[in-house]
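Paired with chain B in one complex and with chain C in the other, chain A is shared by the two complexes that follow.
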Partner chain A sequence: MEKMKLKMLYADIKSDIEIIENELEQALNSSSHILNNASIYLLQGGGKRIRPVFVLLSAKFGDYNIERMKNIAVPLELIHMGSLVHDDVIDDSDMRRGRETVKSQYNNRVAMYTGNFIFGKALQYVTDIEDPRVHRILAETMVELVNGEVIQIEDKFRLDQHLKDYFRRIKRKTALLIESSCELGAVVSGADEKTIRHLKRYGYFVGMSFQIVDDILDFTATDKQLGKPAGSDLLQGNVTLPILLMKDDPMLAPYLEKVASHGLTEQERLEMLALVRKSTAIKEATKISNLYLQKALREVEALPNHPMKKKLRDIALYMGKRKS
Partner chain B sequence: MSATSITQAINTLQSNILQHVHHRALLQNVGQPTLQQEQLFFIQFPFLNETPMNDEQMKSAVAVGVVHASLLEHENVKETESTSKQQQLTVLSGDYYSGRYYQILAHTGNIALIQKLSQGIVERCEHQVRIYEQSHTLEDWIDSLTVIESKLIEQFYVVYNFTTYIELMKQSLTVIRLQKELNTLQQGQSGFLYKAFLLDGQAFSRDALIEALQQQIQQRNEQLQELLNNTKIDEELKQTIAQLIAI
Partner chain C sequence: MEKMKLKMLYADIKSDIEIIENELEQALNSSSHILNNASIYLLQGGGKRIRPVFVLLSAKFGDYNIERMKNIAVPLELIHMGSLVHDDVIDDSDMRRGRETVKSQYNNRVAMYTGNFIFGKALQYVTDIEDPRVHRILAETMVELVNGEVIQIEDKFRLDQHLKDYFRRIKRKTALLIESSCELGAVVSGADEKTIRHLKRYGYFVGMSFQIVDDILDFTATDKQLGKPAGSDLLQGNVTLPILLMKDDPMLAPYLEKVASHGLTEQERLEMLALVRKSTAIKEATKISNLYLQKALREVEALPNHPMKKKLRDIALYMGKRKS
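And then the complex of A and B:
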């Protein structure tokens, strides 16, 4: 259902997304059969391809040319894919989106090589663009993405953190790559500076809203919808917005203590989930996500008139309201 | 060229690299990146033999060292203790260095080197993963080691038109690596080659591999000597190569 909604939203750029999909396949072609298999397996796992979509939609505000745009849309998706492969090593995850991870199929070392191979391919691809500004933005994004993850590890099981710590973390972890997708789409297509700025800010706000929704869904969606046990973020020590909003709830305290010391039993996990779901934290977190969404919509309003404005609005609303 | 100035050049590159990858949290938890002397030497080798590096070339040299450190860091990722903070930050250290090299070159606008190095990374990964692929010969594995050790520097030489030094650099780094593999085996431990044969299920005893490696090193050393004799190289640089090989 969710996938169908998304496909409808992509309808206007469907053929171009198919071009990107084919390019991704070609980009990951390797002389090593392990890297080939791992890459094909990753591609088959799908994903929403939201980064390429944001690149292409943003590029519509400039001089749109798919042949040029694929040189930035493909690397952005590859960087996202490569970081997921390494994330699964960091989180020791065997499953992602209901499928086995590369590290589970092979081992940690192969996952490291696969991720590095994908990063290498991404940069090889993007060097078809000569504008140094594009490279500076992308490089900055890559470094900040890692910084976000380092902070996430440092903040693990830290309940004394502030909301601003959480926002700083998700900005780097998620919002930045969406922000850069919009910015780079606009820069590469030669859009004017004012438009680039609005699209960049739009991407940032959508990204923030998207990650908050993701963090809410980790508690409210089912194990099946998530493809992993609900509450996994907290079980791994990641303190996300719903927990930060109810961390002083005495009912939750014993669960938080156990998570930090020796983990939760299955029964305790279900009790903790029930507690979070019926709390006001989910509503409050949703409200905050909606605030970001409203800001994103305001940025769309400020853009020059273009049929794609409606698409940007619809996608922001879809991402901010999705159920899985 | 004196021995002191060669050591100084290696130390300068090393401290420049460390400066460019400084990260408080990573330093605290994972420590400094591993920088190999032979890599630091060969990155600069043509410049030491001809004209000293300018600022832009030094930044490029730093980037090459950073990529190498990035890929070496990921060699420290273990199959056990997967969720330890140390392991998690080891993954991220490598990723951080990888982003930093790109950032350094993006700021100098050296897109050609970004292109060449990323191509080198791809090729190197393809050879690193070969350890898990089957049915290779000793020659194949050694070819892989050559790529792992020298590809990034080769790409760097290509960008700066130092192609005449490529063969010498490749041979030297291969011999150094083989010597390290041999030392590891003789100490009763397992290096890349031994693991490769074990994973491949090939019957190659430790002693047989030691013998085969000794032969390979001797052959390649002779080829290297010939190369050194036929290339116009500063005597002190030749001495340094000899010292690096005699590990």
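And then the complex of A and C:
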């Protein structure tokens, strides 16, 4: 049902998203057997393609041309895919979206080079765009994405961190790439400066809200919905918003200590989940996500009149309220 | 003495190479403690900076301006540095140039992200260049570099490979980046099409010769000269030209089998080295390297008259004849 809802939201750009999907397949075609297998595997894994969706919807505010837009929508999705492959190396993840990761199917080295190959292909796509603003935004986004991933390593298992450390992380990990998708969709389609600015900020706020919801769902959704054990973030040492909001809870303390020292047993994981789920932290985290959502909606209001405004609103609400 | 010779060759562009060195330091400055440490460590490791040297020498054939040239010389060296860090993950190398590698000092994950960070910084530098040819050449080079690294994984420990597999590997691993350095130096300085073409081919041939010499030295130089145990390439499963030229030697066969199964003891490594050193393979490999060198020199002859022609010749000869 969730999936149907998303499809309805995509309806206007459905055929263009299919063009992007085909381009992604072509982009990941390689003469290397290993790279090909890893890439096909990644493509079959699917994903919501939300970055291309934001590119295309934002481009509707300018001079929309799918042939031109695909040269920016494809690399943004590729950067996202490449960073997921590298993330699985960092997090030592064996499962993502209910399937084995590339790192788990092959090994760290193959995962590293599959990521590199995908990044390289992303670069090739944008070479056809001459506007130096595009290259500047993309390069900056990639550097900050990597910075975010390194900060994530540095912050792992650190319980003495503040909310601002968390926000700094998710900004780089998620919000920036969605921000850049909206901004670049507008830039490449030739939208005016004011429209670019509002779409960029819309993307940033939606991205923050999206990642907070993701971090909440990691505790509240079922293993089946997540395609991996609930609580995986914490088990991997990633201290997310719900935990930061209740880290002084004396009931939680023994579990946090165990996570950092030798990990949780299955029984302890379930106890920890029950504790987090019944705490006020989930409600508080949802409130913070909603604040970002409201900010995103305010940016939509500031945009010039356009039928796509409703879509941007609906997608933000969908992403902010989703249950899986 | 070798080092002094190289310095003499660099004399004309000495102060400009120092500018590049400073820029590299600034480029690798990061707010992350781990990234900073890894980067400083890499910079201190030195290296010959041959890619920037080729960029600058090639640029002398156009309208030379160090401020503009550094925007292409710096990213080319950064791409080289980033790929070395990732290579050490692939090869599981603990030593390079007589020092511990980033991978060994930290771990695979940090090495992966240090590489990513360096690649990202490289991209930031070129955003100031508007010529789309530059972005196209760089993106193509990066994709082929990654392809080469994956081929290297696929070809590891494979004794049924042909010379063309080896040439395909070293082209992507080494020659392409030197080719691109020469080509981009010429393109960015606005040299004419014919000059660009000859410099590009010069770079390719020098690169091939350079890597073959490197692969020979891995057997013929001392551990001290190499900064790692001689024969490391083979021990890591990289089948290089000297081995390909003598792989049917019945004396060598037992060592090759052991390399692929459970590795060589120290005693066996020394026996294997002695065998390779006294074989005709080293001489034959040197002959092949010299053929590439001759081709490089012919490209220099075809260039318009310029005092830098002698430098290009000298550097090619230096790289093709070096002893460490």
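In this text, the second predicted complex is superposed on the first by the 324 of 324 C-alpha atoms of A that agree within 3 Å, B and C clash if a C-alpha of one lies under 4 Å from a C-alpha of the other, contacts with A are read in each partner's own complex, and residues count from 1 in each chain.
The rule is simple: a residue touches a chain if its C-beta (ideal position, glycine included) is under 8 Å from a C-beta of that chain, and two chains touch if they have at least 3 such contacts.
All values derive from a computational prediction rather than experimental measurement.
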| item | value |
| --- | --- |
| Overlay on chain A: chain C relative to chain B, clash or fit | clash |
| Partner chain in contact with A:E130 - chain B first, chain C second, else both or neither | both |
| Touched partner set for A:R109, first chain B, second chain C, both or neither | both |
| Partner chain in contact with A:E149 - chain B first, chain C second, else both or neither | both |
| First, second, both or neither for A:I315, with chain B first and chain C second | neither |
| Which of chain B and chain C A:F117 touches, first, second, both or neither | both |
| Footprint overlap on chain A, where chain B in one structure and chain C in the other make contact | 30-35, 86, 89-90, 108-110, 112-113, 116-117, 119-121, 123-124, 127, 130, 132, 135-136, 138-140, 142-143, 145-147, 149-151, 153-154 |
| Touching residues (chain side chain A, partner chain B) in the complex | 30-35, 83, 86, 89-92, 106-110, 112-117, 119-124, 127, 130, 132, 135-136, 138-140, 142-143, 145-147, 149-151, 153-154 |
| Chain C residues touching chain A - in the complex, by the definition given at the top | 30-35, 86, 89-90, 108-110, 112-113, 116-117, 119-121, 123-124, 126-128, 130, 132, 135-136, 138-140, 142-143, 145-147, 149-151, 153-154 |
| Residue ranges of chain B in contact with chain A within the complex | 23, 25-26, 70-71, 74, 77-79, 82-83, 85, 87-89, 91-92, 94-96, 98-100, 102-103, 105-107, 109, 111-112, 114-115, 117-122, 125-126, 128-130, 132-133 |
